[in-house]
Amino acid sequence: MTVVAGSPHPSPLPQAGEGAKLASAPPLVQAHDLAKTFDVSVPWLNRVLERRPRQLLHAVDGVGFEIARGQTLALVGESGCGKSTVARLLVGLYEPTRGGFTFDGQDAHAAFRTPEGRKLRRRIQMIFQDPYASLNPRWRVEDIVAEPLKEHGLIAGAADRRTRVGELLASVGLSPQDMVRYPHQFSGGQRQRISIARALATHPEFLVCDEPTSALDVSVQAQVLNIMKDLQRQRGLTYLFISHNLAVVRHVSDQVGVMYLGRIVELAGKHQLFGQPQHPYTRMLLDAIPKMHETGRARTAVQGEVPNPLNPPGGCTFNPRCPHANERCRVERPALLEIRGVRVACHAVEEGRI
Amino acid sequence: MTLLQVQDLVVEFPTRRGTLRALDRISFEIAPGEILGVVGESGAGKSLTGAAIIGLLEPPGRIASGQVVLEGERIDDLPPAHLRHIRGRKIGAIFQDPLTSLNPLYTIGRQLVETIQAHLPVDNAEARRRAVSLLEDTGIPAAAERIDHFPHQFSGGMRQRVVIALALAAEPRLIVADEPTTALDVSIQAQIIQLLKRLCRDRGAAVMLITHDMGVIAETCDRVAVMYAGRIAEIGPVHEVIHQPAHPYTLGLMASIPDMEGERERLNQIDGAMPRLNAIPPGCAYHPRCPRAFGRCDRQRPELLHAGATQAACWLHDANAELAA
Amino acid sequence: QTVRIANQGDALSMDPHSLNESLQLSVDGNVYEPLVGRNKDLSLAPILATSWKQTSPTVWRFELRKNVQFHDGKPFTADDVLFSFARTQAEGSDMKSYTNDIKEVRKVNDHAIEIETKSPFPILPDVISLVYIMSKKWCEENQATRPVDRRKGIENAASFRANGTGPYRLRERQPNVRTTFVRNGAYWGKIDGNAQEVIFTPIGNDATRVAALLSGEVDVMEPVPVQDIDRVNGSPNAKVMVGPELRTIFLGMDQSRNELLYSSVKGKNPFKDKRVRQAFYQAIDIDGIQKTVMRGASKPTGLMVGPGINGFDANLNKRLPYDPEGAKKLLADAGYPGGFEVTMNCPNDRYVNDARICQAVAANLARIGVKINLAAETKGTYFPKILRRDTSFYMLGWTPGTYDAHNALNALMACPDDKGTGQFNLGSYCSQKLDQLTRQIQSETDKAKRSAMIQEAFKVHSDDIGHLPLHQQSLAWGVAKKVDMVQLADNFMPFKWITVKK
Amino acid sequence: MKAVLSRWFDGDVGYSFRTSPVAMLAAAIAFVCIFCAAFAELVAPHDPFDLVTLELGHARLKPSLEAHAMPNPQDAPRHYYLGTDDQGRDILSTIMYGARISLVVGLVSVLLSMLIGVGLGLLAGFRGGWIDGFLMRLCDVMLSFPPILVALLIAGVGRALFPNAHTSVAFGVLILAITLTGWVQYARTVRGSTLVERHKEYVQAARVTGVAPLRIMLRHVLPNVTGPVMVLATVQVATAIITEATLSFLGVGVPPTSPSLGTLIQVGNNYLFSGEWWITVFPAVMLILIVLSVNLLGDWLRDALNPKLR
Amino acid sequence: MIAFIVRRLIQAVVVLVVVAFIAFLLFQYVGDPVVFLLGQDASPQQIRELRSALGLDQPFFVQFWHFLGNAAQGEFGLSLRQGAKVSRLIAERFPATFELAVVAALLALLLGVPLGVYTALRRGTAASQGVMTLSLLGVSLPPFLIGILLILVFSVTLGWAPSFGRGETVQVGWWSTGLLTLDGWHHLVLPAITLAAFQLALILRLVRAEMLEVLRTDYIKFARARGLPDRAVHFGHALKNTLVPVMTVIGLQLGQLIAFSIITETVFQWPGMGLLFIQAVTFADIPMMAAYLCLIALIFVVINLVVDLLYFAVDPRLRVATAGGH
């Protein structure tokens, strides 16, 4: 079955095994120049009295990428670099300050505002970074997981729904008997699994996962990742996967985007990225991965000070920490260019200095 | 001389459908300057152990038996007024959930200063100076500026670092760190780990480090405890536990770690799920999932037995008994 | 000696012409004086006029008292009298009705005046007994030549300050909080009492007022709720002075509409039938009400005016007997064997135990099969409603402001017209005979003849059962035992008759 | 139905009810009060609203266990266990009949104002913007009017529309008046909490799921802002009952021939000094019992509905 | 933020106009002032004249327009009943009500909040159960009954406190205060208790309910884990997080205290605005009621504005939400 891009009707779920990517098909998700600015100024009165300026925080500053159907894009980067913000932009929780993103050919942010948006909502789901806060403390797990089912009218009968919720819970390694409990009665990892089960409930096509497994132990993590992979294989699910765990990223992703201070600095296939990292920040990041097999040995952390997002350095934002920085890096902001088969924003790489 | 000694700790939740035993006779100890890693299936009771040690179990949870001894003094039955001087000052705690651990109404600076002044006799300016340097230690950029921001203005990772800074504020002797680096990127993670290690080295502080990241465990810890279903499955020096696990569960755990080298379509996983607290099978809690379970595993609960350099709660290591085929 | 007096309400203004309300007139009457006042038995007394006589049917001559000074030291003269009478007719005055019948007030000399009325007016001295005399000069100096005019939004010094000839002068005034009077050392007459200072305080809440008396925070208070009379009398330091009051409480029925506004009877008006009215009358257990609801503090009456009113005749003051059985029969005769339903309107904060009386009446009427829907409400909404005649059955109380029966006949019993006659005849009872008598009484100057006509008119009304008179409520003043004072049936409380025992 | 009941009884709320003696006690009191009020005809020794049977001669009798002879020999003697009021009504019976009026007015008006207030408060807090501004200014306006005035207005309009329906309209007027002035508190309180709640992540999670805003408001936010609402509501029941008395006194409520609890207390208040304390004390005790049970039930329900407190 | 305040001020004007409008609507139903202005002997002619002189015979909107025009100039006319400037009467009475309300509010706050915290912390102990039950008396006993009982006990029987009035007052500018004399305080005690009883109970119960929720949160747990003193945890961290709803209710209640202390003022003959208002209602004193209602509206507008600003002060999350624009 071929998915016709821009078809006015949301495409039905691809059947099992048909998720193979079609090189010619346009990407399912396309973000262009997404930006989000927060106003973090102190209260007006203080600002006037203390003569402090208005403070704007550019959490995401012109991020663009595309993800083909059935593919996984992983976003990695320092904490605070704007990954979660990107995720929230994609699911419509934030209005972008600039730019936009299209889903299956339609402008998603425009669609979110229309009644049609509800259908779109079913197709785009998110797993939140903070499992506890994202679960309504007054609801039973059963209701939490069943909500999307009810909301989109996927399963009519209450009994059927319970069964389905039980299956979903079982698929993330929880017992169906846990349905009657409340979020606060679970451990952190268990909550995370509830939140995964909820996201999977509607059979979404595009799943935004904000650190879905960070609270899980490795064996459950293995279970969850395996489920996610299986779903991708069977139904052609598309993921945006945010994680700090590079080993996990390496395992799940097809493409990897490295973010630094609100921008993507390198975007490449996973093999290129892990094999031949281009951007100096990527290289440092990879060096910093803890090595399982060398107990007790310190690794090399990324050098230098983490920059202040409120007052980012001029030019290339990484320049203060970059061993290859030169004058140009300090004044000119590098664009994301296609170099040696990967997209990277670095003057040094562009000039072939590294 | 041990810093912390936990003996036969049992934690229970009385509920309307019977009492749940969430921790079942946990015993371990931590020496000054030592980092004890705690790993295990999520829901195994790691966080509860930490909470029980600092006496902050949420009701209706309660310590049913066993004791917690800190520097030779029993602390699990202290009155709250006494406990307060131990918390923060002697035991620092980092909770798992950074977003909800910070009071949303106060700037992080205020929360830091308050904590410092609760334990150390310093004036405001000094406390604030310390607060800034703590934030810097935990790798918050522009700490002096961001100290006056409110928690919701920080990203998840930054909030986690604030929580860490708060736990360290009064230079405690023991730090119970519940997944302190989960929300952090590797480079910050490295900084935090270095910070913890430095604390141990310089001040002889001990750390109980709960985490899922085996890389962190491997890099940081001296010893590791592996928990399963409210019990300690295995405890021993880090190298041995990681490379020659004695308990089948540990073995399965290690196998499911995604690694940076090989390329696998599926990760290894331990099939099945951990039993619910109200349905913990008799005998070894792991036996329904254990590929090597045998006769007595479903009847008798194994205590920690010596297995090479480590101790494991597994009948496979019962020297007195014949191995069943 | 300081006497502290508490009352339900406050004098709203010190201006004696601004409001025709008995409390205000009573309080102001200690500072200002009329030409003709009243003695302790309500008979007329010479005050600022030493004598008066009728020189022709329409002209009266008053000799004024000499050597009287206002509180500011200015002498009292005929000019002040002329000025004051004119002032009562000015914009903003509420006292117009007392001087409406006067055509002209003439100065004869500094100490004599003549009043000419529009028509022969036998009761002029009675009528002007509440017209207080102000100082012309003082009013001119203080821009108070007219009573305050609410329409213009201009305030007036006379509202807050006072300058009269009376036995007490105003020392301090905080409206609704406290008004302090001191004895006028230069008073022209003798002051019987010994109160040097009088502090007057309004206390609206019944219980609080009683408490203030019991705890000794006030010496005199008025009124004592009837249920608390025993309690006050039982207390060691206070007693209750109970006396008859002029006000008569009665019930009225709509007798003019062809169908009652609020009743189950459709197509006709049962109250047009005298038998129904009589049935109602005889169904009311007035003694039970007197005993239980009023706790004895009332005087059942068969007349629409009480003793103390000119024209009252004890021989006529006979009620039809209480007779529920007879009442039932009358109803059946009238065609209502099963009774009927009617709404009764009643105030609940105007007269003594008003709503309770209505409830008791409703219970009485229930016994003869009449179902009363009782609508009791606050005076603020009650009076506008019944004055619109938006009622079928109502309660009202009346004190003839002139102390004369003509006032009651004219306001309550005469056929309503649009010139003010029968204005409070809210059920529009109508009798040619009575109307004619009323007109004659108005101008009859012969005392005896006049009395006879009044009695005839009352007889007509009683025979028609035009209204259902209930009782005169009693005055109940709470007085500390150390205080002696005179209780007037018109509920005025002159300070000059208050004596504090040592 | 039975299944629903038994499920409820077995559910968390039911369980916490069964294990809370306070809640059971409160429920028992509430049940007795409601039962006596609802079936006053059956329970009460007399019918105090039937004027025919009132004996003025029996007014203000002391509470006693002895029977009183009726003035009419053919009538049976009567017991006035709690004494009689100023019209000879049996206090015990009047309390039962009066409680019916008070309970209906109190509970219905509180429920209504809660519905309106919580609804509008949620809307204001959740949607924000001009809706919020408008609703909150509406609150400002409503706040400025004491219930007394609003009642007078409504009664005026009501009477103008239905001139002949005094008593039947009275209830409506009372309830409407108390409701109209009562909802504001709920609205403002709920709005305040909603402002905080709507930024929480679980709300965002629901948005991502595509839950319609209305449902988010009702199903997600509402349960998390009910705490103060419950407190207010339980407290307001008493206020509403007392307001009813005041309004009735002003003439817009029930007629004095069928006194409510509040009216009884108010009337009896006048007899405190003269020593007839029972006219006010017994109704007041009844009112306190009602309020007590409502509050205890409210407290319990709030805890029972909060999963963390279980 | 300044835009916020300015916007609110503009809205406030609208609110006042609407209140005035409704107030005018109301007046048709509260009675007819003319009936009370003229004595019982006034002729129909006089009544008609007065009615037209007062403008009561004009169409509703004309009357309203006149009122607005005058009110805009701060002119509310003369009280029909008292014949004095409404503005002056209110100004005279305002201090009494204000002092009573503030003292009562302070009483309610200073007792209610700590007791609320206490009962939340010591949930289930006999003492806190006792406090909770007592608080129910506060909410279920009507204020007039409380007032009378207090008078009966403390004035009549014991003779400790005066039963009515404000006692001695001291004039400070146009403000007359009873707070500077012993006698004034003496007179204040009973009314303040009566007025505070309900508020106290409400605040207590509310604070308790909110505290119970907040005490369960992670940040409280974490605050304890840091070894902060109990006082800091309970009052600094927990209490402050209960403030949003508590502030709302306290704000409203304070407004109510000022606005509708009618009953207390009646019982204790407290010479405040409530007494003035109830008299105005009984006598259908239109200018007085209109001015009073506008003043009350103003008080509520101000209080609510302050509460909304306090929201921002207390909860930074709201601050960002509004500043960032949603």
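Order of writing sets the labels: A, B, C, D and E. Residues in every chain begin at 1.
Heads up, the rule we're going with is that a residue touches a chain if its C-beta (ideal position, glycine included) is under 8 Å from a C-beta of that chain, and two chains touch if they have at least 3 such contacts.
Every value quoted in this text rests on a predicted model; they were computed, and no experiment measured them.
A.B. asks: How short can a chain-to-chain path be from chain A to chain D, counted in steps between touching chains?
C.D. replies: Contact-graph shortest path, chain A to chain D, evaluates to 1.
A.B. asks: Using only Cα atoms to place each chain's centre, name the chain farthest from chain B.
C.D. replies: Here the answer is chain C, farthest from chain B.
A.B. asks: Considering D-E alongside B-E, which chain pair is linked by more C-beta pairs in contact?
C.D. replies: D-E
A.B. asks: Between chain A and chain C, what is the gap in Å from one C-alpha centre to the other?
C.D. replies: Chain centres of chain A and chain C, defined by C-alpha means, are spaced 88 Å apart.
A.B. asks: Find the geometric centre of each of chain B and chain D from their Cα atoms only, then give the gap between the two centres in Å, rounded to an integer.
C.D. replies: So the centroids are 53 Å from each other.
A.B. asks: What's the distance between the Cα centroids of chain C and chain D, rounded to whole Å?
C.D. replies: The computed centroid separation for chain C versus chain D comes out at 43 Å.
A.B. asks: If you average the Cα atoms of chain B and of chain C to get two centres, how far apart are those centres in Å?
C.D. replies: 90
A.B. asks: Give the residues of chain E that touch two or more other chains, as numbers and ranges in rising order.
C.D. replies: Within chain E, residues 29-30, 148, 152, 156, 216, 218, 281, 315, 317, 320 contact more than one other chain.
A.B. asks: Tell me, which residues of chain C touch at least two other chains?
C.D. replies: Only 207, 211, 214, 378, 381 qualify.
A.B. asks: Would you please write down the residue numbers of chain B that are in contact with two or more other chains?
C.D. replies: Correct list: 58, 97, 99-100, 152-153.
A.B. asks: Quick one: in the complex, what on chain E touches chain D?
C.D. replies: Its residues touching chain D are 7, 11-12, 14-15, 18-19, 22-23, 25-26, 28-30, 132-133, 136-137, 139-145, 148-149, 152, 156, 198, 201-202, 205-206, 209-210, 212-213, 216, 244-249, 252, 255-256, 259-260, 262-263, 281, 289, 293-294, 296-297, 300-301, 304, 308, 311, 315, 317-318, 321, 326.
A.B. asks: Under the stated contact criterion, what part of chain D meets chain A in this complex?
C.D. replies: Of all residues in chain D, those touching chain A are 200-202, 204-212, 215, 220, 223-224, 305-308.
A.B. asks: In their complex, what parts of chain E are in touch with chain B?
C.D. replies: Result: residues 216-219, 221-230, 232, 236-237, 240-241, 314-317, 320 of chain E touch chain B.
A.B. asks: Can you name the residues of chain C that touch chain E in the complex?
C.D. replies: Residues in contact with chain E: 6, 12-13, 15, 18-21, 94-98, 147-148, 150-156, 159-160, 174-178, 201-205, 207-209, 211-212, 214-217, 349, 378-381, 383-384, 387, 398, 401, 407, 411, 418-420, 423-424.
A.B. asks: What part of chain C is in contact with chain D in the complex they form?
C.D. replies: 206-207, 210-211, 214, 225, 227-228, 230-231, 261-262, 285, 288-289, 292-293, 343, 348, 355-356, 358-360, 362-367, 371-378, 381-382
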